[in-house]
Every structure is written in C-alpha cells, then in structure tokens.
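The structures considered in this document are given below.
Two complexes come next, and they have one chain in common, chain A, joined by chain B in the first and chain C in the second.
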Partner chain A sequence: MDITTFTSKRFLVPGLIILILLVLLATLPLYAPAYTVILMASILMYIVLTVSWVIFSGPTGYISLASAAFFGVGIYTAAILGGELPLLIVVGIGGLASFCLALLVGALTLRLKGIYFAIFTFGLVMLLRYLVLWWEIKYTLTRGRFVIVVDNNTIYYVMLGIFVVLLITAYFIRRSKFGLALQSIGENEEAAAHTGINVTMVKVITFAISAFFMGTAGAIMATRWTYIDPYIAFNPLFSFMPVLMAIFGGMGQLYGPVIGAAIFSYLEEILLTEFPYYYMLIFGVIMVVAILYMPNGLVGLIQKWRKGDLGEKHANT
Partner chain B sequence: MMVTILDVVIAGLLLGGIYALIAMGLSLQYGVARVLNISHGEFIMVGAFLTWMLYTVFGINPLLCLVIVGPVVFIIGFILHKTLFTRLRISSTSSGAFESRSLLATFGLLFIIQNIALIAWGAEIRGYAYLNISVNLGGALFGANRLVTLGFAIAIGLAFYIFLARTRMGKAIRAAAQDPATAGLMGVNINQVLALCFGFGASMAGIAGLLLSMCYPINAAMGLEYTIIAIIVVVLGGLGSIPGSFIGGFILGLVGSIVTYFEPGLALVSYYVIFMILLLVRPTGILGK
Partner chain C sequence: MPILEGEGVTKYFGGLAAVSNVDFHVEQGEIVGLIGPNGAGKTTLFNLISAALVPKPGAIRFKDENITGLKPHKICRMGVARTFQEVKVFPNIPVLENVLLGSLFGTSPGMSSADAAREATELLEFVGLSAVRATPAKDLTLANQKRLEVARALATKPELLMLDELMAGLNPTEVAQAMELVTKIRDKGITIFMIEHVMKAIMSVCDRIMVLHHGEKIAEGTPEEIATSKTVIEVYLGE
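Let's look at the complex of A and B:
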C-alpha cells in the first residue's frame, strides 16, 4: 500500500474538522453574545485542566489529585503580580511557578505508588490551602485578594492560546519516544527501568509539564473571577473534576478528554443555572452512572459501537 | 503550668476520640472493602442530622438515638455496597482499577448525599444543648458532653476490636482483608462480608456524627473536612490497620491540641505536614506492615 495516500487519507478528514473548529473558535467573539464567550472560556479552562491531567496520569496510571494545587498557584501568581506585569508574562510566570512546584513534589513523591500517590497529592492541595490562609490572615491581615480585571475577550483568547499549545504538546508527547517511555512505565515500571528508561526523570518532567498548563489556566482564570481567597483558589473540586472528565471522555484517544471535559463543563453550567437546588444531586448521579456503565468513557462507547458495526458487516459477507 | 499541660492533653484526647472513631470506620472500608470512601464524612453528617432531628422533633435522648442512628446508617452503607460497589468490583479488571473507580464513585456519592441533606434539612447551621455542664478535672474545666463522647468512642472502638478478634464473623472479615480470593475459597461469602464491612464503616461514621452533634454545631457541608481528617489518621495508623487508626486518632488529636495552644491558625497545617512527612518516610504508617 502506498504510504503517502494512506496517511493523507487518515489525516485529511480529522485535519479539516480541527481546522474548521479552530476557525470557529477563533472568531467566536465576532458573532456570539458575550455570555457564550465567557462560557466558552470556562469550558476551555476545564479542557485545559483535563488534557494536562491526562498527559501525565493517562499513560502512567498514577492518579494525581494535585491539579487544584497547580491551578491555585497560578491563581495566586495572578493575584500577586497581576497589576505589575503584562498579562501574558503573568500567565507565563504562573505556569513556571507550578512547573517548579511540580518538579519539587514530583522528585519527592513519585516513588509512592497507587493510592498513596493519590492521597499525597490531595494532601498537597489542602496543605497549600491552609498554609496560604494562615499566611494571609497573619501577615497580610486579609483573607482574600482582588485580581486586576481583564476584559472577557482577552481572557478568552489567552485561554484559547493555552488550549492550542497544550493540544500540540500533548499530541507530540503521545507521538514521541518520550510518550512511549511513559506508556511503558504505566504498563510495567520495573521493566521500563530495565530497558534503559530513566523512569524518575521521565515521570517528573511530564508531571511538571502538565502542571505548567494548569498554572497558566489558573493565572488567566483568576482575572475572570476578580476576587479570590484560599478556599476558592485551592478548591478540591478542581482536583477531582479533571479526573472525572477524563474518565467520562475516555483516555484512549486524545480527543476523548477534550470531548469529556467539554460536555461535562457545559452540563455543569446548564444544571447550575436551571436546577440550582438539585444541581449536585443530578451531577452526582451522572458521575456514578458514568463510572458504572462507561469504564472506557465516551471514546470506549464509540469504539464499541464502531466495532459492532464492522462485525455485522463481516458477518453478512 | 501543670494545669495548662493537663488542659492541652485532655483536650487532645477528647478530640482524638472522635478522630479515632471516624478513622476506624474508614479504615474498615478501605482495609477490607478496598473503597477509599471520599463520602465518609457525609455519613457523619447524616448521623449528626438524624440525631438532631430525633432530639429536637421527637425529644429522644441523643445517647439513646444510638440504637436508631447506628442501624439506619448501617443499612444505607450495606445497600450501597450491595448495589453499587459489588457491581463495580465485578466489572473491574484489576483491584487497582476497582480502587480508583470506587474512589471516584464515592466522590459522586458525596454530591448526592450532600444534596439530599440540603433538601431535607436545609443549609442552616444547627445545634442543640445536651449535657452542657462543666466538669472539673484537676483544675481544668471540660464539658460533660465531650467526656461522654470520649467514653463512647473508646467503648465502641474496643467493642469492635473484640468483635474482630473473637467472633467467627470477625475472623471472616480479617481473612477477607488479607486475601479475598483465598477467603472465598475457604467458604467465606465475600460479597456479604465486604458489604457488612462497608456497612459497619458507615455505621461508625454515623455514630461519630451523633457524638459530634452533641458537642459542635452541625451543617450539611461539614462532611469533607472530617473525611480528610479520617484519611490522614488512617494513613498515620497504616492503611487497613484498625488498632493503628485508633491510636493514630489520639495522636492526631494531641498534635492538634498542642499546636492550637501555640498557634491556632496552624493546627490544620500541622496535620498535613505530619501526614506528608509520614507518607514520604514511612508510607505504611505507624502500625502498618
């Protein structure tokens, strides 16, 4: 088979779809009402959190609940530096701060396995929350901070930029030797180490890359919220949501977490506005049902349905 | 000086008693049923609100409520395990997959239970006065309700330990904790034992909620804080070790009380610092193997 026609066919249709979607997203503020732009920015935020979570936890199988910590570090960076430096630099610093924190935490903890790693990373979120709270009350004498206001279109475009860079990064990590190394760590860490992979370095660097994007998302989202305090910034919800969204979407393909996060965060918005008193109940039921009946997420369902389709065709001929 | 030390120590033990009871429940659920129950605190909240309702509406003595709250929460936990977690366990490919899926499922449960409580009991902070008299212990004053709480926590902890160590059912539970597959081959009805353990764990949380409601104000969002404390204590004592959780609870209570004495704002921070250092140095906990 001619390899070039094979690849061009394989990439043409998805490439076109992605291009159309990107153009639609990039021109969104021109034709959509302001509310849609804000909603889209927060959906993109969840997608960024979820995809960056999947970069590390997807292939390695380490369940990290530290997302809220990295997100919160970004938020506090924006709160402290927001008025003093240009926006993009603040966002970059927010990402770098999370990156450094992740390097430190990663180097300390990545020898913890399974549930211990999950608990430790969750502890990190709570530690930062109460440490910052204590610091603020004792030394700055306030509980919260005001963040410099940025107009909604700017927030949207910065978030879109982060999203695009993240998708490209995630794609290349999956495709590279680095991604293969991660995959083999997830399947059997000891065997991976024996084949010459520097297991610790690969894990720590991937963990830090994923933290970088969470930090940038936090830094830009803080300008949208205008007021923050440790309870808002280090909310454990931001640790659990990416995990749930990734599982809901399915981690087998790159588009899985994207679709999962988009549907889930849109659903959250609808439920919050339509059923404020039953929002948590409905949300919880959807979560439990998704975990029970969709172990491989939406992607799994789609693949199953496709396979079933193919199977029938074969049976007929 | 002696009085302050006594003050701090007793306050720590009083706090530790509740922590121990909460953590034992979680330890049972994780150690045997392998469910790291993020909604553990919600069962505490349900226990607390049931007691509050029974006391303020029907005038039933909170301590007598034990015979109602304990079984009611037990049944909720038992049914949940029979329906939800048994299904998850059977459909999961590995025990690791089950652990992470059940952890996420309990996060969904947290939302469900909390929302039902909000609908049933509202979002207000509730409380009632019961046994609200001071007792003098070597110069330091303590509420009688808190001493009763400590007594009950210790009694329930010991009773459960004896149940595990001396009865046939206890033996089955310990066997299931060590190796569920082999225990099943030896004739232990695994699904039944795991559901019972989850129910017992929930029931302990409910009783802890009952005791908490006697001493502190309660509200529908109180659960997560206690879940986190329970997780810390369980790791401190060693995942799955019941005596470990019991001792760990008192240690954490003492630490909290000592730190509160010097710097109140850092009490929770100190919990996490101890917790994270312990995870790094000795992840199996104080009594873990």
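Let's look at the complex of A and C:
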C-alpha cells in the first residue's frame, strides 16, 4: 500500500459523502413534504448554533452561555428591519449586530476564567431580555412585535447557506495558524501569551465570529415565528442547547457537533410530538446516559469503533 | 550597552514586597545567573520582565526602550523569550506544532508558514527532539518537556532568553546536557538570564551572578566572588 492511494482515499470518501449530502439537502424542497423542509430548517438552525458555539468554546475551553443573547439580537434585527430591507441584508445585519455586541462583551469579559465567564455570559442573556422588555414597554408601548413572513423554502435555503458558509469557516479556522493559536490558548493561556500570541485579540475575534453566525440564524428564524417578544427571543434554552448538543456529538472533530446537533434536535422533535408530557424526562435520561457512557461524545464512540475495527483487521492478518 | 536594565523595580503582593527596589542590568552576550533562597522573588522578577506582572514602581528597559507596562506578547515579539519554572508546554499539541507556534506568532515581523515550519524543524534538531516531533507534548519526559519549552522560546527569535530553573528535577546526566544546551544557545549570540538552584551548573556556566533575598538584591559579581561572599553564605547557611 503506498501513501498516495492512502491519502487520496482518505480525502475522496469524506469529500464524496459531503457532496452527496449537499446535493440531497439543496434539492430537498423538490421531493420532500413541507413538514420535512420545516423540520430540516430547524435542525439546521441547531447545527448552526452548535457549530458556531464550538468554534469558540471548543478549542479555548471558555464555556459561553451567551448564545441566546446573540441569537436574540438577530431575532430583534429581523423584527425591526424585516419589512424595510431585503431579506439577505437583514440577515447580514443581524449577524453584524451580534458580531459587534460580541466584540464589546468579549473585550470586557474575556479576562474572566472558568465558571465566572460562564455565569457572566448567561447574565448577558438575562440583561438583554429585560432591557429589551423595559424598552418595548416604555417606548414602543407593546411587549411583542410581528415579523414579516417569509415562505418556508426561502427560510430553508437561507439557513442552508448559513450552514455551508459556517462549515467552511469552521474548517479553515481549525486548519489555520489562527486555529492552532486558539487551541494553545485553551491548553495554557499564559504560555500562549509569552509565545507571542495576542491572546485577547484572538479570543475576542473568534468570539465575535461565532456570534455572527448565531445572529444570522436568529434573523432568519424570526421570520418563521412571525411573532416575537423578549421571552421568546432571549430564551435561555438557546444558550444551553448548543452546549448539550456539542457534548453529545463530541468536539474533537468538526463533524462531531454537526451530527450531535442533528440527532439531538431530531430526537427532540420526535419526543415532543410522540410524548409531549414526558419528553423532557426522556431527554434528561438520554443526556445522563450520553455523558456517563460517551465522555467524548459520538465522535469518541465512532473513533473507538474504528480503532477496534482496525485492531481486528490487524489480528486477522 | 546593557541589553536589559531595571531601575528600582518593585512589586508588592498585598503588604509583602516580593521584589523591592531592585536595580539590575544584563549585558549583551552574557550569561547572568539569578539565585536566592526559596521565596526570594526570583520568579517574580522574571514575571515582571516578561510582563506577566507590572512593576510598581520601577522601570524596565530593553535595548534602551522602556518596556514597562507592555503586554506579554509584545515583549515576546521584541525579543525577550522565557521558559517557566513549572513547565508550560501545550500538552495535547504535537511537539513540532508547539515550536511552530513560537515561530508563527512570536517573531516580528512574522514569517511565512513554510519558513516557520523549516525554522521549527531546525530548532527541534538543535535541542535534540526531532525523533518525537509528532508526539503530543504531554507524553514527553520532564527533561524533554523542558527542552521543548526552550525550543519554543528560541522559535520566537529572542535576543534575550530567560530560563526559570531549567535544571530543576533533572538527573545528573540531564543536568549536564542542559548545561551544554545553555552554552550552545549563548554561542548562537543569545543573551541568557537564568534562575537556577543547581549550584554546580550556575557556577560553571554563568559570567555573572545576582543574589536576591527577601526581594532585595544582596550581592552581585562573578561566580568566584559570590561563592566567597560573606553575605551570600550567611543567607544560604545562616550565621
């Protein structure tokens, strides 16, 4: 076995799988019922939230619970500008608004470590929720807002577009020297700083990139919900879900959070429709089992399985 | 002209003066040793120079430029590299990439990826770690982790290298190898400022030695002068 066939095989097979998946996803509205398209859009939303969370929190180990804040900023961008600007521009502005908020918050708080950072970022969600609520009641004299309606296929395609751009971004960050710097910060921040890495800048920029995608996802999702208020937009569930999905999928590989979020959100949908009263309970049990028996998530399981498979082959030959 | 100079450098932790009004200088091309009993403030002084801490009051100049209050990564890019008392390698990152981080981010102006990779490979050769280049750093022996830290520091192309207890925890053979490495680095034209407890090593390698005690500089001179200094013997052995 020479090296060239080995490497080409290594890239060819995943490349082919990704291509087939993309074609299937891109043509989904042509052959699938409307329900599937709507379901896929929300699965993609969870994948986008999870992968963008992992871009920052995966390598650095800073557990951010601010996802709901950035998602909510996107939602409110769509609610405010939805009727006035073209959809894609609204989505872009939603992302940019989150990006700017993350720059500001990151510069202020990324000196906090561990649990303090997690708590602060969660506080940000609550702060924004009640700030917006206060503002709406005092100045706009309503609690909620209506968002301009967009048809389901458009929502699906925009979400798919965000998903693809996000995956490409995440892939290049992982592969670049920027990604290596991020990982070194997670492993030993002090040593990273003394090796010439501008740790504050690297952290803040990555935090903002991750927030950008969460904001775009919020902006497009808002158009499906048609009515929003601060309780819907800044729902803490959107802070915790990405963390759980990333743990479930495993963060060692890029595909981990993708399949983690996909399976998890599909499961949620099934459980919610089949067992509306027990679904949270079943969900909790699944989560506990996952953490106990798959500490490295689905990725860890897959890698273990592949290793075991290879080991057997060696044993046979 | 001194490459590194400190004037009245002081650092309080609460009411305790960890480093108190220390003046020091390191000349271009020297190997300067920094010794003192535990808790004398040696590592704190290193932290002040490398900007992990900021002196208050006091000023530190590198090549006649005031570097007090700059960020650690700036100091590193200006040409001051350091290692740590308790090794701080990036445990899950392979050895080569550990060094690569230094050449990619610690140099000013930065280098292209190809140059950085070549540089990192050469440095692994230099410190003798080529054989384990793909191993995660956490799997190396302590002696090799310390070499790796030196390689990573050298990758930032320093003019001044600060070694914090390079030989602590090493066996006699490894100490001899580490001493050889230090002289090899000096022969490259890099000035060295080192904290060390292994007296044999520091006496034979250093051109000049500074002694700290309770945060104050109590003696300075050639190894012979220090070895015979009455104050130093009192501090180490008691009266």
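FYI, the second predicted complex is superposed on the first by the 304 of 317 C-alpha atoms of A that agree within 3 Å, B and C clash if a C-alpha of one lies under 4 Å from a C-alpha of the other, contacts with A are read in each partner's own complex, and residues count from 1 in each chain.
Here is the rule we use: a contact is a pair of C-beta atoms (placed from the backbone, for glycine too) under 8 Å apart; a residue touches a chain by one contact, two chains touch by 3 or more.
The structure displayed is predicted, hence computed values, not measured ones.
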item: Combined model on chain A: chain C and chain B, fit or clash; value: fit
item: Touched partner set for A:L281, first chain B, second chain C, both or neither; value: first
item: Winner by number of chain A residues touched, once chain B and chain C are compared; value: B
item: First (chain B), second (chain C), both or neither touched by A:S184; value: second
item: First, second, both or neither for A:L103, with chain B first and chain C second; value: neither
item: Which superposed partner A:I302 touches (first chain B, second chain C, both, neither); value: neither
item: Included angle at chain A between vectors to chain C and chain B, based on C-alpha centres and rounded to the nearest 10 degrees; value: 80
item: First, second, both or neither for A:A192, with chain B first and chain C second; value: second
item: Partner chain in contact with A:L124 - chain B first, chain C second, else both or neither; value: first
item: Chain B versus chain C as contact partner of A:I291, first or second or both or neither; value: first
item: Touching partner for A:I80 - first (chain B), second (chain C), both, neither; value: neither
item: Minimum C-alpha spacing, chains overlaid - chain B and chain C, in Å; value: 12
item: In the complex, chain A residues that touch chain C; value: 177, 180-181, 183-184, 187-188, 190-200
item: Touch list for chain A against partner chain B, complex; value: 61, 63, 108-109, 112, 114-116, 118-120, 122-124, 126-127, 130-131, 133-134, 137-138, 236, 240, 243-244, 247, 277-281, 283-288, 291-292, 295
item: Contacting residues of chain C [partner chain A, same complex]; value: 50, 52, 71-73, 76-77, 81-82, 84, 88-93, 97, 100-102, 104-108, 113, 152-153, 156
item: Of all residues in chain B, those that touch chain A in their complex; value: 36, 84, 87-88, 91-92, 96-97, 99-101, 103-105, 107-112, 114-116, 118-119, 224, 228, 231-232, 235, 239, 265-266, 268-269, 272-273, 275-276, 279-280, 283
